[in-house]
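In what follows, chain A forms one complex with chain B and a second complex with chain C.
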Partner chain A sequence: MTYSVRSATVRFGATVALDDVTVEVPRGSVVAVVGGDGAGKSTLLRALVGEVSLNGGTVEAPPKQRLGYLPASSGSWAALTVAQNIDFVAGIYGLAGDELAARRAELLDRAALTQAAGRLAAQLSGGMRRKLGFVMAIVHRPDLLILDEPSTGVDPVSRIDLWRLASEAAASGAAVLMSTTYLDEAERAAHLVVLDRGRVLVQGSYDQVRADFAGVITQTDQPVRAEWAWRRGRARHEYWPDADPSDPPAGATAVLPDLEDIVIALSLARRDAVRS
Partner chain B sequence: MKAMIVKEFRELLRDRRTLGMLVALPLVLLVIFGYAANFYVSSLSTAVVGPQASQVVAMLPSFFDVTVTEPADTQADAETLLRDNKVDVAFVTGKTPVLALVDGSNLFAAQSAVAALNKAGDRVKTQVLYNPGLKTSWVMVPAIIGLILTFIGTIVTSIGMVREREAGTLEQLAVMPIRPSRVILGKIAPYFLVAALDMIIVTVLGIGLFSVPFNGNPFAFALGAALFLFVVLGLGVFISTISQTAGQAIQTAFFFLLPQILLSGMIFPLDAMAAGVRWIGYLLPLTYFTMISQGIMLRGAPIASLWLPFVVLAAMAAVVFTGATLRFRRDLAPGRNPDSASPAHEQPAATEPAGTA
Partner chain C sequence: MTGVLLQAGHVTRRFGAFTAVDDVSMQVGPGEVVGLLGANGAGKTTLIRMLLGLIAVTSGRVDLLGGPPDRERRRRLGYVPQGLGLYGDLTVQENLSFSARAYGTAEPALPPALKAYADVLVRELPLGAQRQVAFLAALAHSPQVLVLDEPTSGVDALARAALWDTIRAQAEGGTGVLVTTHYMQEAQQCDRLLLMADGRLVAEGSEADIIGSTTAVAVRTGDWARAFAALAAAGAPVMLAGRAIRVANADPAGLAGVLEAAGIEASLEPVPATISERMLMLSRQAKAP
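Entry: the complex of A and B
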């Protein structure tokens, strides 16, 4: 089973938030959506959960009973304890009694929140709160799990925990679609989608994306064209869209691009195309 | 400091609600206090019954606006007219001195009536009904019950609803398999119960501490309170749909609360207000709840004689509550049918976008 948005277009007044976007999310895998601010990541996710109506295209998603969603906000009720938050959401999905108690204990353990079960959500750290939100999103074992930037602002250890929880959800058969601003996270996904200003720049597995990348990225101290260059650590990288990888521009050293290089290079190419 | 002042002005200019409050509130207060803040009642609705009714009517000064003249009626009929709030004063003729019955639940009218009747000396025997001591607390407690319900219904409820929006949990609720109507009912049910409990406590305390009588039917009172609660809870829900933060909700609720305090007849008698302001009072739900609570508690008025405030409150409850819940429902379900029962749904293209990125 694969869930999807196909040829999705969403407009907010004159702003095109999504422009003919097609993304598929197969069950049992994690699909990561990456892109800068205003790229359309949240709109895409909210279209899948039915929070945003499309101006064009279609959405194929399970009914609400089989959908799990972690919004970009905290996703939990601050004045309830961790356990009460889980119980509230579980109750809406029809879990009760021993089944609920067992599921709550299992999820608290997996998210390393057992010791915090009696604490108010308002008193949790950012990472713990996101893990609680995640637990609440999967308490009913959804078929499609949508996570809106689950790890933004979260410490590195909690990020690892969240990624592990997402992977486990996919391993248990859920289709997982998550947006992230961390490209190292996106590289781990089975499929990644790079959005820029509402359009898909590129999508596929990380290996596919790298293999299909056209042009050459070079490392230099003095970029030839400043508008095609960006800083990576202490060096600068420069994109040559029409160059042949076997014949890089003279005087520059070609580098094997990672996802960050690819996303920046493709974004620059698109902006250049829009300008011209 | 200049930068700070400029920044503050820029923020203020963008905060239309606060700006409106700063500009409009002084004007509103000026108009209200200028035209509405008047304790002096210029005329009293009057009935004259008994065999010498016509002669007495001819002798009464214009201050007593005679609306009922019934020579065949008795003292009991006169008391019924007062109980049903048809008149403020009733003269019972056929005895010497003439008996003047005054409705004490209409405090300022009663005070004016007693002052005017005292000038008549021994020719008139004055008897104040329903509030013989003309105690302010007897009149205020039934109105304050309504004010407390208004406070809980509008301010507390709107804050509770808006908190979901502020925390982002409204979005969470919107994607859960729960009907918007159940979200709304689940949200307001606790406030309804707390308000009902508060109403009982205030009523009992009012009776215990201030000796306010409860002469009417408690079930009729409960029905009036329930209708009124639906109106104010609806206002609370409505305020939450036009507020993004708790601060905005409080500000907006204040706009709804202030006129209810000043123009519902709770403090200043409606009859004493200028006509240009009085009509606002007749648009406010607290006006009608006060009519019901004072009528039932003080005068023991039956539901049949209070049909008008009951009908108006029921109509207000239907309009305000339905409108507010429809607005809130739109916030909760902008995208698709929440009750999709198919194993997987296809969402066709919509004609209008909803929500924001």
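Entry: the complex of A and C
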């Protein structure tokens, strides 16, 4: 079973938030959507949740009760304790009694929140609050799990916890779609989608994206074309869209690009295409 | 004052019975970009607040530009907090005028990318542009020391590259830069890294120095979902990387035993750990009784 949006276009007034976007989310895998503020990540996720209607294209998603969603905002109630937050959501899905107690204990344990069960959500650290939101989104074992920036601003250790929780959900058969601003998380996903100003800049597995990348990136102290160069530590990288990897520009050292390089290079190429 | 702009010497800060920063010594020199890493509660923010002179040390000593971080020395410091410190209800131009007057300097000229936004309220700007405005405001008085808290959080790769261009240009002009980040690829932009855990400075140097002897095991198998479940159930710190599984700081023989008991065929290979895996191990050690 694969959930999807196909050829999706969403406009808010004059703004095109999504422009002909197709993304598939197979069960048993984690798909990561990356992009900055305003790239269209939340709109894509909310289209799958049914919170945004499309101006064009189609959505295939399970019914609401088989869907789990962690919104970009907190996703929990500040004035309830951790346990009360879980119980409230579990109640909506009809969990009660021993079944609820067992599920609550299991989720708290998996998210390393057992010690915090009696704490108000308002008193949690950012990372703990996102983990609480996560377990609330999976309390009913959804078929499609949608996580809107679960890790933004969260410390690296909680980020690893969240990634593990998402991996576990996929390992037990859910289709997981998460947005992130961290490219290293996208590298670990089975499939990554880079959004830029409402369009798909590139998508595929990290290996595919690297294999399909056209052109050459070189490392230099003095870039030849400043508008095609960016910093990596003390050095600069420069993109040559039309160069052949087996024949890099004279005098330059080609580097093996990582996802950060690839995304910057493709963004520059897109800006250039829009200008000309 | 050769070689050090910002320095902590055996700095400790207690809040009641809780020690937030425990005997930390560090320094930042001219032209250097130093990255400060650590999990939540590791003590990064408390250390920075002491370095900025916003809270007092319990013991030890802070030197900013050759003396205590008083008002006069803070005039030569630039600080961009994570919340950016801009006024959302003022325009870009008004924000820059305000901060220029507070420092008694000339207003900075708007770079081409921000010209169109001069009269736009800051709260209506995209996040990447807001961050650029915060940088401009912090840099207008040509600070000798720059402290940046999560400088590129939430922005796209191009905006991040533009911000790092600015940071690097400052360092090349001789400014010493201290950056906190949760973004591991960003840590690789720094000249030197400091890693805090549980209030203490636990590692310092290059990425390789930080990772030290921590290794991870890469598990490759045709049945990743079952292997993942079996290893997670055994309490191993598992992570998914594409279709492979990584386990930080694990003993390959122990993992092989778990997989064999579950009847799963897999190949195991020791690989170098990442910075985040090293941090995970440190925080697990700190929590262990």
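FYI, the second predicted complex is superposed on the first by the 276 of 276 C-alpha atoms of A that agree within 3 Å, B and C clash if a C-alpha of one lies under 4 Å from a C-alpha of the other, contacts with A are read in each partner's own complex, and residues count from 1 in each chain.
The rule we apply is simple: contacts are C-beta pairs under 8 Å (C-beta built on N, C-alpha and C of every residue); 3 or more make two chains touch, one makes a residue touch a chain.
Just so it is clear, the structure is predicted and the values come from calculations on it, not from any experiment.
Contacts of A:Gly153 after superposition: chain C is touched, whereas chain B is not reached.
When the two complexes are overlaid on their common chain A, residue A:Tyr239 makes contact with neither chain B nor chain C. Shared-chain residue A:Gln65: touches chain B; no touch with chain C. Within the superposed three-chain model, A:Trp228 lies out of touch with both chain B and chain C [touch as defined at top].
Once the two complexes are overlaid on the shared chain, A:Ser172 sits against chain C while remaining clear of chain B. In the superposition on chain A, contact of A:Gly127 is made with chain C only, not with chain B. Contacts of A:Leu183 after superposition: chain C is touched, whereas chain B is not reached.
Once the two complexes are overlaid on the shared chain, A:Arg11 sits against chain B while remaining clear of chain C.
The contact surfaces that chain B and chain C form on chain A in the two complexes overlap at residues 38. Per the touch definition, chain B reaches chain A in the complex via residues 167-169, 171-172, 174-178, 334-336, 338, 340-357. Those residues of chain A that touch chain B in the shared complex are 1, 3, 9-12, 15, 17, 38, 40, 42-43, 46-47, 49-67, 69, 71-78, 89, 92-93, 136. Contact residues of chain A toward chain C in the complex are 28, 30, 35-39, 125-127, 152-160, 163-164, 167-168, 170-173, 181-184, 187-190, 196, 205-207, 230-234, 258, 260, 263-264, 267-268, 271. Against chain A, the residues of chain C that register as touching in their complex are 37-42, 82, 126-128, 150, 153-161, 164-165, 168, 182-185, 188-191, 224-226, 228-229, 232, 237-243, 275-277, 279-280, 283.
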